[in-house]
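Chains: A, B and C, in written order; residue numbering restarts at 1 for each.
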Amino acid sequence: MLRWLLLALCVAALAALPLIGDEVMIQYGIDALLFATVAQAWNILGGYTGYASFGNSAFYGLGTYGTAIAMAQLHLPFGVGLALGAALAVACAVIIGLPILRLRGHYFAIATLGLSACLSAIIANLDIAGRAVGLILPLTRNAAMFYEDALALLVAATLTVFWISKSRFGVGLIAIREDEDAARVMGVNTTLYKVAALMLSAFFTAIAGGIHAYWITFIDPAGAFDLTLNVRMVIMAVFGGPGTVLGPVIGSFVLTLVYDTLASGISTAAALLFGLVIVLAVIFMPRGLWDLGAGWRQFGPRYLLQNVRMHRL
Amino acid sequence: MLFAQLLVNGILLGGLYGLMALGMALVWGVLNIVNLAHGALIMLGGYCTYFLFKGAGIDPFAALPLAMLAMFAVGYLLQRFVLNLVIRSAQLNTLLITFGLEVVLTYLAQLAFSADFRTINPSYAGANISVFGVTIPLVRLGAFAAALVLAAALWILLERTRLGRAIRATAQNLVAARLYGVNPAQLYAVTFGIGAALAGAAGGLYGMVSQVTPYIGASLTAKSFVITIMGGLENPFGIVLGGLVIGIAEALAAIYLGPTFTDAISFGLLVVILVLRPARSLGAA
Amino acid sequence: MSEEAPAPILEARHLTRHFLGLKAVNDVSFALAQGEILGLIGPNGAGKTTLINLVSGVLQLDEGELLFSGERIDRLSPPRRAYLGISRTFQVMKPFPRLSVLENVTVGALFGYAGGEHNRARARERAREVLDFTGLLHRVDQHADQLGGPDRKRLELAKALAMRPKVLLLDEVMAGLTLTEVDEVVEIIKKIRASGVSILVVEHVMRAIRSLSDRILVLHHGEAIAEGLPQTVLADPRVVEAYLGKRRA
């Protein structure tokens, strides 16, 4: 009960930010919230189901372009744009998901990467998408609106993950992650569940892309299907704690904060330190911050060494 | 005639692509590490060769062995003291740590070498030979030849030397190899070092046919991925074949479909191949 | 005087499966009657696990038919067969490593026969019952990958049992157990049969096979070389020869 109260307070505090913060803070906030959503969406497929996608940028890009085409070319309202982007992403998840989800491990990761790059290249050749030049969406100066929208999206995504963690569906996903063949013979309809996880992941990622598109107003294939987005979302989710409800959110907030603080100094050093943080994190806390919290409480600093001992050659 | 020229261009470039992927395939096949920093190693090899050429006046082709030695050392140390620490972790974690290394190496290079474009321009850089009306730049021909030589050398190493046998044994069964006296930490580090050395050579050659900047790593890693998947992990020549396929596909696509389609082609091919035959191996076919 | 025999719950007709040109299972037919325990024995490499894989759907048939309660199931996926009531254990045990023993068995309760239990709390209750029945209740919260060999075997059994199977396929659940442990597991299996489950038991431990089986089927090089009552089959010279090899004259 206390936990829920605490969380509600956090959400309320976050929601109040636009009232007290300046323009810059709100912009950082939107970025952080959208990233957290994308990390959370990845968490459904990568953290719970164990299918580490390196191509969720495909869904982000589809959400971006769906919204942009709806608003810039078809002059439809924002909500319809978001819906279109989400629909495209979910459709893609179903059509491409079925064959791709038959792959495992590295192969799955690379196939998703290839998918994203391929979609990006295809879009760059479509007239309605503005080809490689991109599209310009209608301008609106209401940063607070984007902020609240992004916050609402993050809450929705997190509530979905919470539901997953408590549901039979979630148990099925975890079983798939732990041992897919055993899960199958025990009656888990792995094909259906994997595609469902992919669809949920695609949905939230696409809407984040759509909000981002309207906010920054100008989009192009390189930015919308940015491949580095994938590694960043994976790192945020894994750094925070894959397969947990709040891990990816916390990991995402922490890393965004770290990165932005460092970047306000020298940008090269920031990137360098960021890379170093990742390397150290994988060595000493491979199961993320969430597990670090639990582990530290139980073992103290020895937790870090335990991880090394468990995973070294 | 245009078609023949394109074909030759594609083949020459493809050989280099194959060499690029060779190091990644070796590490993937033996250590089960998908090295996202592979492109950064290529980049470092390029810089190494560049400075040997510019600073010490050594002919780039002659500088390659030195660059390879340097990159071997870098790779050995990386594996021995960083990657060996996480090797029994989930596959995802090795992907992430190599990504982190990629970022670190890229920005270290930016700090050390600046973002300027560097090209390795030996005196014979512009020379061509003409065969049946097809123009073949000497440097590209040399790069192609070097790539084939190194692929063959790798094959010989793996098939005909004690070290190669130890590497192959470890790839198949670490526990059994240990029982036969293989020191895994050492062997893994040596294997990664060889992969880095091959990447370094590819980088030096790349610097002769294109430019070196700190940022070339990412796309070269991606390209090496595609080629490794296509060529399979069985056989160095499968990788070279994969490289040739990509090289030719790119050259043809660039003209007939437009330059914006090359990425779509190679990644589209990748997805199709993965879905149709996940463990496809051109070398074993 | 023979009465009309009820239809077998599981029927296999001319099952054949190739691997790399060899016939791992070659024209094997058998029937498992409702409430029966059929023992499946044969030397290593005889095709017993392949047969289990074919029945549970992990491998596809090359030839032959498989019927469950009279319906063809050879095109159904493993989850679908689990839904119908077919459960199996794995010889090389496959626990969900990072989940607790209770969570492992709960998966079975949530997904087995007829889609299992949809309520997680009730599924957990059932899981506890099954763990109690198989003697693992004291390990309820331990991580599955921390269990020792015999306990892992029991966990396999518990997971399969939680699915409320109609047909249970046991693949060497007694390998590596002491005599006392074997007798315990035999008792458990007899109780399972008493609750109405039909069982196909693959075993090397003859003591258990003799004690459990109503009938025995013997495989050798993928073919069924003998089938019948335990006393008859185990005394059959071909069976003895398969296990011990040809006697030199």
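Of note:
Convention: a contact is a pair of C-beta atoms (placed from the backbone, for glycine too) under 8 Å apart; a residue touches a chain by one contact, two chains touch by 3 or more.
On a predicted model such as this, the values are computed, not experimentally measured, just so you know.
Viewed as a contact network, the protein chains form an open path, each link joining two chains that touch.
The central chain of the assembly on a C-alpha centroid basis is A. Placing every chain at the mean of its C-alpha atoms, the farthest one from chain A is found to be C.
Per-chain CA centroids place chain A at a distance of 43 Å from chain C. One inter-chain figure worth recording: chain A and chain B are separated by 31 Å, centre to centre, where each centre is the mean of the chain's CA atoms. For the pair chain B and chain C, the distance between mean C-alpha positions equals 49 Å. Within the complex formed with chain A, the residues of chain B that make contact are 28, 34, 36, 82, 84-93, 95-97, 99-104, 106-108, 110-111, 184-185, 188, 218, 222, 225-226, 229, 258, 260-261, 263-264, 267-268, 270-271, 274-275, 278. Of all the residues in chain A, the ones that touch chain B in their complex are 46, 52, 54, 99-100, 102-103, 105-107, 109-111, 113-115, 117-118, 120-122, 124-125, 132, 227-228, 231, 234-235, 238, 268-269, 271-272, 274-279, 281-283, 286, 308, 310-313. Chain A meets chain C in the complex at residues 166-168, 171-172, 174-175, 178-179, 181-191.
Residues 56-58, 77-79, 81-83, 87-88, 90, 94-99, 103, 106-108, 110-113, 115-116, 118, 120, 123, 159, 163 of chain C are the ones touching chain A in the complex.
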